[in-house]
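The same chain A turns up in both complexes below, where it pairs with chain B and then with chain C.
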Partner chain A sequence: MSLLDIKNLTLEIDSQSGWIKALDKINLVINEGQIHALVGESGSGKSIIVKAIVGAISDRWRITADRMTWRGQDLLKMSVRERRKIIRSDISVIFQNPKSSLDPIVTLGDQLKEVILATRLEKGMFWNRAKARKKYASELLHRVGIKDHEVYMRSLPHQIPNDVCQKFMIAMALASQPKLVIADDPTRGMEITDKSQILKLLSRVNKVRKLSILFVSHDLLAISSMADHMTVLYCGQTVESGRMSQLRKRALHPYTKALLESAPSFRTDLAPKSPLSSLGGTIPSFQHLPIGCRLGPRCPRARRECVKVPEVRRIHEHTYSCHFPLHRDQK
Partner chain B sequence: MLKIILRHVSLLILTLFILSFFSFSLAYLFPGDPLVNLTGIRDSSEQGYAILAKQYAMQGSFLSQYWEYVNHLFSGNWGLSFSSGLPLAEEISRSLAASVELSAYALIVSFVVGLPLGFLAGLRHHKLTDFALLTTSVIGYSIPVFWAALIAILIFSIQLGWFPLSGRISLLYDVPYQTGFILIDILLSDLPDKEFAFKDALRHLVLPSVSIAIVTCTIVMRITRRSVVEVMSSEYIQAAYARGLSPRQVFLRHGVKNALIPILPLLVMQFTTLLTNAMIVETIFSWPGIGNGLIQAIYQRDFPAIRAGMLAVSALVLTFTITIDMVIQIFDPAGRRPENATS
Partner chain C sequence: MNNLLSVENLTFENCHGKRWQKKGTKFTLGPVNFSIQAGETLAIVGANGSGKSLLAKLLVGLEQPDSGSIYLNEKKLEQYDNKHRVLNIRMVFQNSNESLNPGITLGSILEEPLKLNTNLGAQARVAKVEQTLRQVGLLSEHRFFYRHMLSDGQRQRVALARAIILNPQVIVADEPFAALDPSVRSQTVNLLLELQRELGLGFIFISHNLGIVRHISDKMLVMKQGKVVESGKTEVIFHWPKDDYTKKLVHAHQALIDGQG
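Right, the complex of A and B next:
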């Protein structure tokens, strides 16, 4: 059974110019033990998906979905309290800006201890709790590669380097021993070495703990080495989804192809000094969304039919939404 | 940090200097002969005038006169009041203490009422509660202080008779002067009926402090509301929700402190507004404070009292404002969180 199963998730945001469909019929399935990549340019709505999943939503958002289940339980139908319980014990989020997602005036140690559930500690009388909690916290920090845990536990978020802060976030995410960790752009703005450390750390917990990871990023290079599956997002629409290997070998959607080609290391046939291909233009703002396929204005293959939203089509595990996918040419 | 202190102290000294200079010049700006204004002695003989002039150091140049004036100020010789004949230094420090006491209790009242309401409005942002509180606060903010005081007297002391009409304490009690704050003085004293005296003083305090607290209360509420709204929509609060904490946990553990810390200095600053309003309301309640004293002095053309009283009030407000500003800067160099400045 899949852990998280989202079908046709639509999220509208109340703005001055009326309700805007920030997410338009998103599909996302995450299975147990899987690293699933969610890729898209920045501004394509990745963080909004994350917020919709964990329920950190503002009251000016409207969410509808045909299906949004966590291990068979419907997330949208259950009470706020039940949902919070699931989030607290089963799903953890690593946010994109570690510093701004930590309380600036509470020490890191206290914030870490706050998310440790009593049920995850060794049994003991209540006077042993604080000690057990502290021990558990420092074990967690060791596991994510923080050595001076004493010092860092006493520090405030702004007093420590960015990558340590992100490791702290990961420790916090692992604290509740969740089934799924959602990492929203965890390596944004990091040095290469820090970046690869974080990535290694994540893939290690995936292997060792059989933990599923939803890895959200705009950085294909980071993702490709570790993810099994990939979902490509463009402007609030899922354009293509499938096994990583398959997508790399044979992308069907023009956007996926452009995305892959814009990262040179994916191309083996690249002649030296040949120009990089990419789509012209930029991602439209949510105030000026094109109708139909949102890639339309930038798509080299667009035709008149594209003003209608393309249906989701499926070839085995591989799904895509395009009227004129790339494999049609070969016929 | 030393730099900040130095900067503020020099600013304080400079402004106090300007103030004292202004207050010194007042004697010349009042209509009539400065010496007559200051002494109140109108038709003295030529000789008598010369003696007085010598006494008041009036015969030197303008600057040497000023120098004498400052010397007198520092040695506590502020002159005598016309009306009572008592030394002004003592009279003013007593009435100033009464005003400060009134403003301090009003500040407490505005915090006790304004802070919780501000939190409530902030948490119910853009909901009915929020709008209702905001509307009420606009009304409260628009009520003139003296009018509120008069209405309060009319309803609560004349109609209902719950609270005394005026004064600071019933004449039955003779509280010895120690700190100048009546509640503290009562507690320190060895009056036989301390408890009743305390209650009586409290009953006298209610109407004046509430009527000046109304405006400040609305200000406190709005500042708090703004801050709560801002903090509760920040990323770390969203993140705390996403960690599965309940709204209560999120608010108590991360909301309250973060909302309060940046606005605390702003709230304390309201004290000066209160003091100003207190001075207005004092006349209505015959509160023996500095505002009342100044009004009486103006009626009686008691120039030394006007001069010294104005200097005392403005010096107090100035010192308070500059000190608070200094404290803020010491703890918060770049307008960021206080903890940043511990080094």
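Right, the complex of A and C next:
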């Protein structure tokens, strides 16, 4: 059974010019033990999806979905209390930018100990509890690859390097032994050795503990090295979704293709200093969304039909939404 | 062939938190040696805090080196000769969003270096601003715009326009692609390559993204804790890394590419 099943999630934000659809019919299915990547540029609504899943969105936004279930339970219909309980024990989030999401005036050790659930600790008398908690915390730190846990647990976020902060965030996310970890751009702005360390850590946890990971990022290199499935977002619409290997071999949507081609590392045949292929223009802001397929104005293949929102089509596990997908030409 | 910019034994020493009787932590940079020719690109790669940004600042004259010298066109740049330096070496800052003044129009931002460094009249300045804006792929009307009206990619273009408006010979850029989205990033890369071809600029940039470094740079400088651990042709370093740190970097990059699907 799938862990998280989202169908036609729509989120609307009130603005001066009426309700704007920040997310428009998002579909997302995460199965157990799967690494699912969510790819999109900034402003495509990746982080809003993450917030919608954990329920950290403003009351003034309107959220509707045909289906948004966590292991069969409907997340939208349950009370805030019930939902919080599920999220506390089963879902955890690694937020963007570890240094700003950690508390600057509390030591890292205290922050880590705070998130450990009392039920995860060994039973013992009250004078043993603090010790058990500390032991559990240092085990967690060893698991994510921090060696001098004594030193780091005493220090404050600004005193330690960025990648160690990120490892602390991961340790905190794993503390409650969740079923699903949502990693919101965990490798942003890191240099490559730190990045590959974090990625290895995440994929190891995935294999050892059967943990599902929703990996949100725009770094295609990082994604393609670890994810099995990928969903591509553009401006709050799901553009294409399917197995990673299939998408890389044969992308059907022009946007996915442009995204894959924009990374020079993927293309060994590219001559040095030759121009990279890219789409013209930039991602539109939420106030100026085009109607229909939102890629329309930037798409090299756009035609008159593109002012209607394309329907989701499916070839085996591979879904895409485009009126003129790339494989039509080859016939 | 003449070297456009060459650096010999450049060193810099910085003491943090040095107070009375208390020894501060010391950071030493260098000695750094390299040279580039017109139309060449040098990439500086290294961990955070390895002195990459400091080296960029030394080149443009924001910091004064303790010893060593910088030669532009085989002529030594004097330490306090900023007039000559700013005309020929220009910098693109790390965060193009924050390095543009939000309170004045783009036209005035771009006009400022012209006012300070040239004898152009008001009309000639406006003409130059419009021409430069078109050169980086914006419209000449963009000079009436403010910073907040532009998207990320356009801001990066303005930052570049500010760098090339004085017709420099060398551009130094501190992580110009870090904050950009993939499609905008390839646009910026294309723009840079095009400008380099047209104007024969020497281009020095700092980056974490080894894919891009490999694609656009001719030479490369690997730094670790203020020391240059390896330098040379990019292809050579990527194929046959010598130093342990470089090996680690290149292998990590290769593993990410090979590890796919």
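Going forward, the second predicted complex is superposed on the first by the 321 of 331 C-alpha atoms of A that agree within 3 Å, B and C clash if a C-alpha of one lies under 4 Å from a C-alpha of the other, contacts with A are read in each partner's own complex, and residues count from 1 in each chain.
Convention: contacts are C-beta pairs under 8 Å (C-beta built on N, C-alpha and C of every residue); 3 or more make two chains touch, one makes a residue touch a chain.
Small disclaimer: the values here were computed from a predicted structure and weren't measured.
K.L.:
When the two structures are overlaid on chain A, which partner does A:Met172 contact: first (chain B), second (chain C), both, or neither?
P.N.:
First partner only.
K.L.:
Where does A:Arg248 make contact in the superposed view: on chain B (first), on chain C (second), on both, or on neither?
P.N.:
In the superposition, A:Arg248 contacts chain C only.
K.L.:
Contact-wise, after the overlay, does A:His142 reach chain B, chain C, both or neither (first, second, both, neither)?
P.N.:
neither
K.L.:
Which partner chains sit in contact with A:Arg313 here, chain B, chain C, both or neither? Use first/second/both/neither.
P.N.:
neither
K.L.:
Give one of first, second, both or neither to describe whether A:Leu221 is in contact with chain B, with chain C, with both, or with none.
P.N.:
In the superposition, A:Leu221 touches chain C alone.
K.L.:
Could you figure out whether chain B or chain C reaches more residues of chain A?
P.N.:
C
K.L.:
Have a look at where A:Phe95 lands relative to chain B and chain C in the superposition and call it first, second, both or neither.
P.N.:
first
K.L.:
Considering only touches as defined above, state whether A:Lys207 meets chain B (first), chain C (second), both or neither.
P.N.:
Neither: A:Lys207 stays clear of chain B and chain C.
K.L.:
With the two structures laid over each other on chain A, which partner does A:Lys131 touch: chain B (first), chain C (second), both, or neither?
P.N.:
neither
K.L.:
After overlaying the two complexes on chain A, where does the chain B footprint on chain A coincide with the chain C footprint?
P.N.:
Shared contact residues on chain A (touching chain B in one complex, chain C in the other): none at all.
K.L.:
In their shared complex, at which residues does chain C touch chain A?
P.N.:
Where chain C meets chain A, its residues are 46-48, 151-154, 178, 181-187, 189-190, 193-194, 208, 210-212, 214-216, 234-235, 248-249, 252-253, 255-257, 259-261.
K.L.:
Spell out the residues on chain A that touch chain B in their complex, using ranges where they run on.
P.N.:
51, 54-56, 58, 84-89, 92-93, 95, 97, 100-106, 114-115, 156, 158, 172, 176
K.L.:
Which bits of chain B are touching chain A when the two form their complex?
P.N.:
Contact set of chain B toward chain A: 233-236, 238-246, 253-254, 257-258, 261, 337, 339-340.
K.L.:
Over in the complex, which chain A residues touch chain C? Could you list them?
P.N.:
41-42, 161-162, 189-193, 195-196, 199, 218, 220-222, 224-226, 244-245, 248, 258-259, 262-266, 270, 272-273, 275-280, 282-283, 285
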